[in-house]
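Note that chain A is present in both complexes that follow, paired respectively with chain B and with chain C.
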Partner chain A sequence: MTPRTKWDLVRFVSTFSVLLASWLLFAGPPDAYSIAAGTLSAAVLAALTYRFFLDDHEAGARHLIPNPLLLLLYLPYILFRIYAASFILVYDMIAGRMNPRIVHFRTRLRSDLARVVLCSSVTLTPGTIAVLIDEDHLLVHWFNAESGHSGRARREIAESMERFLGRIWS
Partner chain B sequence: MMRRVLVFLAVAGLAAALLPLALGTGVPEAPGALATAYLEDAPGDFGAANVVTAIVVSYRGFDTLGEVAVLFAATAGVGALLTRKRLGIGDAEPADKPAATEILVTATGLLTGLLVMFGVYIFLHGHLTPGGGFQGGVVIATALLLGLLARPESKLSHGILSAVESLSGAAYVGMGLAGAFLAWGFLDPRVLPLGRIGSLVSAGSIPVIYSLIGLKVGAELSGILDALKGDRE
Partner chain C sequence: MNPAYWMELILIFLGMGFALIGNLGVFLMPDPYTRLQASATCSTTSVISVILAAMVSSGFSPTTGKLAIILLYFLVSSPVATTIIARYAWESGIVPWRRPKRRLGKGGSP
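And then the complex of A and B:
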């Protein structure tokens, strides 16, 4: 078996397991038919999509497999951030304070997945929208920009999320 | 002045005419005779835990076949109109489209399989839980939309799409005819054993029909999305 086929097999099997796990999560208490249907569709879909699911050049498993406990903790954390930011944004709007601006900073996260989650978190937080990410450069629209300075913007917008995500996908 | 009075009188008259309708609205206390019959007979007749699906696929199966046909006509129309020739693009290569951002590309890679899996779950469990072929098909088309957005230069294989679409459509009509010959009427699901209510293999041919509808709707909507990109030959 060449390294090529081996790597393809690894990608196929991991895609298959994730899909099957999601099926079991959807379908509830499994019976024999349900498992058979899930296995069959997971196999077909894994064969069709494993090339996109795991990138050909993906280097480390630690970039993909999250720390499950911290991931669970991240959900209430980001919910809190969303609520806190909504109140601040509402207050800013009532007070008439706005200073929309596009700011730019670099993230220290290495994993693609963590970067995507960071962008989604920034977008979900009211007041900031992640417009673009190019390698580690982030372009963020900030509703009430306190500063155009990139270090300051990173501290205000992303640093605490980044630190959290960096531990989830180290 | 006269005109205003006339307009006012016309509006007031319309309001008076519609008043009884407005007063008579409200939620009926009990389901009507037909609804009661459906609710009481569906579990025994077809063994479907989800009565809505029993109505959509069996009692009113003809209606659903018609809806699938309408969707097919819409897809064919969109596909025939949105070609390069008709849009006036000709053979010229379109200008380079900007590449999608990495957020979209990474998320699409991870989500495509999961979304299609979720669509398959929805249409396979149409007779048990809310949802069914149309909903599942739309979820599957969403996965393809993500793929088209992440890789604008990619082309869907029309051969595979039309094969899935026509085969599942033909199989749907075939299941209907099987109902006519083997059971009591066209689209009767009792050609297959009814099984135990609530298990995945139950309700006769309802899950088969809904899966076929799901595949067909998914392929058709993906075809529409692909045509909307505007670079079809």
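And then the complex of A and C:
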């Protein structure tokens, strides 16, 4: 078995197990028919989509498997960030204080998954929208920009989330 | 009244307020990006508030777990849609609105 086939097999099995787990989560009380149908459809879907589910170059286990405790802590953290930022955004909109700028900066995160989560978190936080993400380069529309400087923008927008995510997917 | 009831009420009213301001922002803002800021981000907060209120209201039950999963999927899917809209606007060449620079005196050079 070549390393390539082995890696394909690992990708297939992990896609299959994620699909089956989510089927069992949503299907309600399991009976024989539901489990058989779930296994079959998970196998077909995994065979069709394992290439996209795990990218070919993304072979580091630490890049894919998160630290579960910190991932659970990230949810309340991001909810808190969303609420804090949305009160500020609403105040700015009512007071008419707006100074929209496009800023760009680069993240220090290595894992693709962590970069996607960072991009989503930046978009979820009111006041900033990630417009483009290209490898490690983010283009962000900032509603009330304090400066157009790249390093400052990264410090204000992404640094704390980045540090958190760097510990989840190291 | 018990605290859960008040918590629920506060969250529902927060959701209503954010939805209202987000929808007003769509009409008042000058360009697509700022409109997106107002609508997408404020309505995200409002949907999260309403789901949290429903979670508080249903107490500790299977419904809460289902709502938590809905919240999780919403947190994954909503920013992707927002980013796709912003990316389309960016790639079709829409220039973001900037606050005009203050002029030096009347009729002076900009």
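By our rule, the second predicted complex is superposed on the first by the 170 of 170 C-alpha atoms of A that agree within 3 Å, B and C clash if a C-alpha of one lies under 4 Å from a C-alpha of the other, contacts with A are read in each partner's own complex, and residues count from 1 in each chain.
One rule holds in what follows: a residue touches a chain if its C-beta (ideal position, glycine included) is under 8 Å from a C-beta of that chain, and two chains touch if they have at least 3 such contacts.
Since the model is a prediction, treat every value here as computed from it, not as a measurement.
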Is A:A130 in contact with chain B, with chain C, with both, or with neither (first, second, both, neither)?
both
Of the partners chain B and chain C, which touch A:S86 in the superposed model: first, second, both, neither?
second
For A:W23 in the superposed arrangement: first (chain B), second (chain C), both or neither?
first
Does chain B (first) or chain C (second) touch A:D112, or do both, or does neither?
first
Is A:V103 touching anything from chain B or chain C once the two structures are fitted on A? First, second, both or neither.
neither
Scan A:D31 for contacts with chain B and chain C and give back first, second, both or neither.
first
Could you look at A:T49 and tell me whether it touches chain B, chain C, both or neither (first, second, both, neither)?
first
With both complexes superposed on chain A, which partner does A:S120 reach: first (chain B), second (chain C), both or neither?
both
Footprint intersection on chain A (chain B / chain C) at 119-120, 130, 132-133
Which part of chain A faces chain C closely enough to touch in the complex?
25, 75, 78-79, 82-83, 86, 89-90, 93-94, 98-102, 119-121, 123-127, 129-133, 139, 141, 143
Which residues of chain C touch chain A once you look at their complex with the stated criterion?
17-18, 21, 25, 28, 31, 33-34, 36-38, 40-42, 44-45, 48, 69, 72, 75-76, 78-80, 82-83, 86-87, 89-90, 96-99
Interface residues, chain A side, partner chain B - complex
15, 18-19, 22-23, 26-27, 31, 33-34, 37, 41-42, 45-46, 48-50, 52-55, 112-113, 115-116, 119-120, 130, 132-135
In their shared complex, chain A is touched by residues of chain B numbered 101-103, 106-110, 112-114, 116-118, 120-121, 124-125, 147, 199-201
